[in-house]
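Chain lettering (A, B and C) follows the sequence in which the chains are written, and residue indices restart at 1 in each chain.
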Amino acid sequence: MKTGQGGPVLSMHDLSKTFIEKKSGEDLEVLRGVDVEIQAGSLTCVVGPSGCGKTTLLRLIGGLESPTSGELRFEGRPVTGPGPERGMVFQEYALFPWRTVCKNVSFGLELEGMTREEARRKADDYLETVGLSGHDDLYPRELSGGMKQRVAIARTLAVEPKILLMDEPFASLDAQTRNVMQEFLVGLWRRTGTTIVFVTHSVDEAVYLGQDVIGLSRRPAKVVKRFENTLPYPRNRTDMGFIELRAKILDYLTGEMEVES
Amino acid sequence: MRTRTARASQASRRHLVVCVALIIGLCASLALAGCGTSAKTSKVVKVGYLRNDLHELAYYVASQKGYYKDQGLDVREGGVFNAGPEEMSAFSAGQLDIGFVGTAPVMTFAGQGMADVKIVAQANMGGSSIIVRPGLDAPDVAALKGRTIAIPGNATVQDFLLRMALEKAGVDQSEVRIIVVKPPEMLPALASGQIDAAVAWEPYPTMAVAQGSGRVLETSEKIWPHHPCCMVIADAKFLDENPDVVKRFVAAHVKATQYIQKNQLEAGDMAHLFTGQDTAVARAAIKSIEFGFRPDIKKLEQYATFMSQAGVIKDKNAGAFVRGLVDSSFLPGSP
Amino acid sequence: MKKWKIISPLVAIGLWWLLAGLGLLGKGTPTPLAVVKGFGHLVMTGLPPGYHLQGHLAASLVRVFTGFGIALVVGVPLGILMGYSSALETAVDPLVEVVRPVPPLAWLPLAVIWFGIGLASSAFIIALGAFFPIVLNTVSGVKSVDPRLVEAAQTLGARDRTILARVLVPGAMPSIITGVRIGMGIAWMSLIAAELLGVRNGYGLGYMIMTARDLARNDLLVAGIVVIGFVAFLVDWFIRLLEKRLLRWR
């Protein structure tokens, strides 16, 4: 079991986000006063009711949205836009359909000015890391969902981000593939030690993966509770501790969802 | 229950009567419209002519001065055409009774068996020129050796005129480059120096001089005096069925032609109204055109020989071809 | 299944032969045999005599590809920039919408006055015709690129120019090629009509057809039309081949 080392790599203080709806004039307040600290090297999961703003939070960290108010710092410096140090993996894979598997993975490497041979070699390394060696010249349309997601992960890993932001990456996969991917992610994290922030709908998944599980409230979301998960890896779903923690988190979430009704 | 049905069927019967009455009324009025407007002795004649063509001024004069009406003819516009071949296609399709059109398309279509028509009168003679671009140093036709010359079409009268002029000047056809360009496009092409010379019918030579895009090198009068240009033709079937109508039409045409010959100034003004051409240009162009109603058989034979040699008409016997094509019986002084 | 492709043209030709032979298609319609002979005449003797079909074809192809090339070189970059910058699109759009509905041929008299009867005027007409489908399809192609792909590129470290070149352009490629195919079809149609008014060097397929018309040689006319249709088909087939190669990933 690894714990974070060094100071918080990511810190959010009183972070708020309101979307201004131009057409109807009705503003949508999605996050209100979120306070979170993420340690380097940790695997943190974020759960919450549907539409509560989990994805928005991730997009803020990723620099794809900007906060309405509050502080958001990465390695002590404010976040001003997207960048390769905060890599993102999307639920819809977002692979470039016109590029082969290898060329997808080497996309970020090309930007760094590597030669084609170097980029290809490095891409091959990462493909091996995600277990997709030998699939270099296939196109995304020829891959299964699980394979696509692994290519997406390899692509993001290739630029060696300091933090990996994952937005429900396994939600589109069937149950079996999902389990395999969860195992794979844990293994990857243990090998590489990358900081991971993982957003998910599924409490089961959050308990399986995370050292910490952050529970968000209903919209406008703020952090309700932070659950520590000290179970050893790899985790067992039939384990009593697993079941208890899962029930506990589910309770809190159900409570949150009943608040408004 | 029964009262309602009875009333309903009464109503529907009434509706039926109204509908039938309306339909009968509509048919009746259509029938009346069809035969009503023209006078009892007026015969409808569908005439075709070429857009903006000064050579066919006689048609406009006869219409405006009521010569056709005097002959008891109701002349309708069967079609206005951009070029001779289009008008001849209309004759092929049986859409026209009488038409004003150039000699070349008439002979081409008749010579290919594509249209069954007869030349019943002439519209005009002459009225073409060889024009050269302003910067060209060419004192005579012989200087056109090695130059690019535009004609309005293959086997047209202008084509024939050019070959005649070259032959007279001792220049072989292989020593010049001849291309086809439509007359409106000849002017800018000359002005920009893309072609060296062009052969065109009035009003284009006059327009070229007026715009400064060219000068006249030689007129058709010097090359082939009184050459046939535009003709009056009749659909052969129409002629067979209505010889009297054709005779009356030709009489009106003769009168109009004579009017133009005697009243050059007024003719110029009418030309301006007919084609929309600038009055000064129209008047000057009219002066270069000869309006005469009697086709010259000898000259037509000459032209037919040229076309036969060019492979445009199939008949090798030019004399027989022309005799079969021309019907002079409707002209004054004929039996 | 493939043999069905041949059957309908064969039936059409057979029907044509029968009707023309019986004289049911009007005086001017040649039989298929006459058209084949006409084709031979166009190749061997030429129309006008001495001007062979090969020369006419070459001249027309030069005109089409020059005009089309201009439309491509101007239209694709402009379309990409317009798709990328809504400010630019708003600025340029009114001009596009005013000029677009005017058929290229309507410009012909002006084109002749400005450029004469040479390559420039026909290239101008053709470029005008091909330009709009190319630009409009390019713009729509750029706009239809999944925004997620742009975001993915951003999170991998790509900046604006790179995103334009490596995401928007390849993403828009299917639409661009559609625009190219449509534009080429229009270019071809505009070419033939543009040549009907006259050409400087005496060569051109439209020019050849006009000559056949002047001489009332409908066998040569139809042969010319068949050649035009066939060449247009070949060009389009070639573009589709290119498309298959470029869009392997679909």
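Quick note on the criterion: a residue touches a chain if its C-beta (ideal position, glycine included) is under 8 Å from a C-beta of that chain, and two chains touch if they have at least 3 such contacts.
Keep in mind that what you see is a predicted model, and the values were worked out from it rather than measured.
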Chain whose Cα mean lies nearest the overall Cα mean: C
Chain at maximum distance from chain B, centres defined as averaged CA atoms: A
Averaged-CA centre spacing for the pair chain C and chain A, given as whole angstrom: 50
Separation of mean Cα positions, chain B and chain A [Å, integer]: 83
Approximate Å spacing (C-alpha centroids) for the pair chain B, chain C: 36
Interface residues, chain C side, partner chain B - complex: 26-28, 48-49, 109, 112-113, 116-118, 196-202, 207, 210-211, 213-218
Residues on chain C engaged by chain A in the complex (per definition of touch): 146, 148-149, 151-158, 162, 166-167, 170-171, 173, 247-250
In the complex with chain C, residue positions of chain B that touch it: 85, 88-89, 92-93, 105, 108-109, 111-115, 148, 150, 153-156, 177-182, 184-186, 188-189, 192, 194-195, 311-312
Chain C-touching residues of chain A, taken from the complex the two chains share: 62-64, 81-84, 86-88, 90, 92, 94-99, 107-108, 110-112, 139-141, 155-156, 159
